[in-house]
Amino acid sequence: MLFGRVTGTAVCTLKYPGTEGLKLLIVQPLDRKLRPLGAYQVAADVVDAGIGDLCVMVRSREASLALPAVKFVPVDLALVGVVDELIVRPDEGFDFTLKRGNNRFT
Amino acid sequence: MLFGRVTGTAVCTLKYPGTEGLKLLIVQPLDRKLRPLGAYQVAADVVDAGIGDLCVMVRSREASLALPAVKFVPVDLALVGVVDELIVRPDEGFDFTLKRGNNRFT
Amino acid sequence: MLFGRVTGTAVCTLKYPGTEGLKLLIVQPLDRKLRPLGAYQVAADVVDAGIGDLCVMVRSREASLALPAVKFVPVDLALVGVVDELIVRPDEGFDFTLKRGNNRFT
Amino acid sequence: MLFGRVTGTAVCTLKYPGTEGLKLLIVQPLDRKLRPLGAYQVAADVVDAGIGDLCVMVRSREASLALPAVKFVPVDLALVGVVDELIVRPDEGFDFTLKRGNNRFT
Amino acid sequence: MLFGRVTGTAVCTLKYPGTEGLKLLIVQPLDRKLRPLGAYQVAADVVDAGIGDLCVMVRSREASLALPAVKFVPVDLALVGVVDELIVRPDEGFDFTLKRGNNRFT
């Protein structure tokens, strides 16, 4: 899974059965120092993330497995966790806790 | 999902059952400032996109899930939404709306 | 799908049922100006491409879906179309037609 | 599979059936000289790795196959082995042994 | 598929049914001139390759399809052919033959 930051929202109506109300968000993948890295991407949001949130993203086939009901939807990136707390360690590493949420990942 | 801009069309006849009339388009992946990034790619078009359209693209296995009927077709990139409106925010992020279309994604 | 140019051939006998006579070719992925980009790759050829041909390539799981009969073969790149004609447009984009072939993609 | 070094831990509760107690770790992919390469990633840990451990990581669909019980979980990266011993050879290559563990990979 | 050169061996016991005796090797992906490109990777060896061998590698889901018996093993890279002979052509391309082996790929 990758770290990404939510930078925008998408207004569209996914008409796949079971995706009513599913939001699409624009996310910016991040590098080791959590700075922007590469192009914006569009992700399905199953954790009610908001603009500026630091998130954990799942890619490719596994992304659609994160969706609440539907398994075969053309989605290749999904947010599965919002980082609640980040504890930076002296050795440049960091630990983090994921916000308790209503989805099955946190 | 990625952002891409349609830059060309392909004339070919997909002979897979259920893909009659399905167009192939040439798309240019884009970076954070929506400028060209990397090589051209070829995508199946399920949203009637045209030259110059800014689109949302789904990659790999999930691309063929976007096709109207057929599931097992050798397609690894599909356009699933045409960006209708882009609202740039002060913090360099942007929100967008997808054009209402005839496919199941918008 | 990606654009690639055939640069070499491989002599090997694929012993998977249904792959008799299936050729492996060496292909060079191309950038926006159709110049070489990155490493050579090896692709299964289902369109009888030849050295120097500009082709459309399908990646990963979808590549094996392009094979005539067999679905579960360790192939992660397949040529699915030979570009017959390339029409460069003033805006740097181009349109192309795929050669009519005997496979299901063209 | 890739080499990565564990740099941090994640506190979250995976609520997928069969993933109770499964830890998420932050890992740093490594280059040929085992130096940091690219962004941090988040991996499911099935080998009880700890901070600083050099590990073997499996990507995408295969990552969820490494999980003890569950097959359809939105996980696209998993640690499947902890490097126990590294023997550097004169020609810059190295051999390694994986720590005997309780999972099916080692 | 990609070209890679074997640079090291891994001592570990794969405990997945059907993988007894399956070796893991360290491979170095190569660029167009067959020089090292990017990080080392770990691949399952189904062609009895040795240190220094130039090989053809299959990635992601298709890698586990190359394994003799088992289909659902967390392996995302497999060697499927050892290059026996390389014939460099004047135009920088090359042709190659794969060593006749005991696996189904060669």
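In order of appearance the chains are A, B, C, D and E, and numbering begins at 1 in each one.
Here is the rule we go by: a residue touches a chain if its C-beta (ideal position, glycine included) is under 8 Å from a C-beta of that chain, and two chains touch if they have at least 3 such contacts.
Note that the structure is a prediction, hence the values are computed from the model and not measured.
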- Quick one: superpose chain A on chain D by CA and send over the rotation angle as a multiple of 5°. 70
- Task: Report the inter-chain centroid distance for chain A and chain C in whole angstrom, where each centroid is the mean of the CA atoms.
- Result: 34
- Query: Hey, how far is the Cα centre of chain C from the one of chain E, in Å?
  - Reply: 21
- Query: So which bits of chain C are touching at least two other chains?
  - Reply: 60-61, 63
- Task: Report the topology of the inter-chain touch graph, choosing from line, ring, star, complete and other.
- Result: ring
- Message: Once the touching pairs are worked out, the chains link into a ring; list them from chain B, going toward chain C first.
- Response: B, C, E, D, A
- Message: List the residues on chain D that touch chain E in their complex, please.
- Response: 1-3, 29-32, 37, 56, 58-63, 65-66, 71, 78, 80-81, 89, 91-98, 100, 103-106
- Show which residues of chain B lie in contact with chain C when the two form their complex. 7-16, 24, 26, 28, 36, 38-43, 51, 60-61, 63-64, 72-77
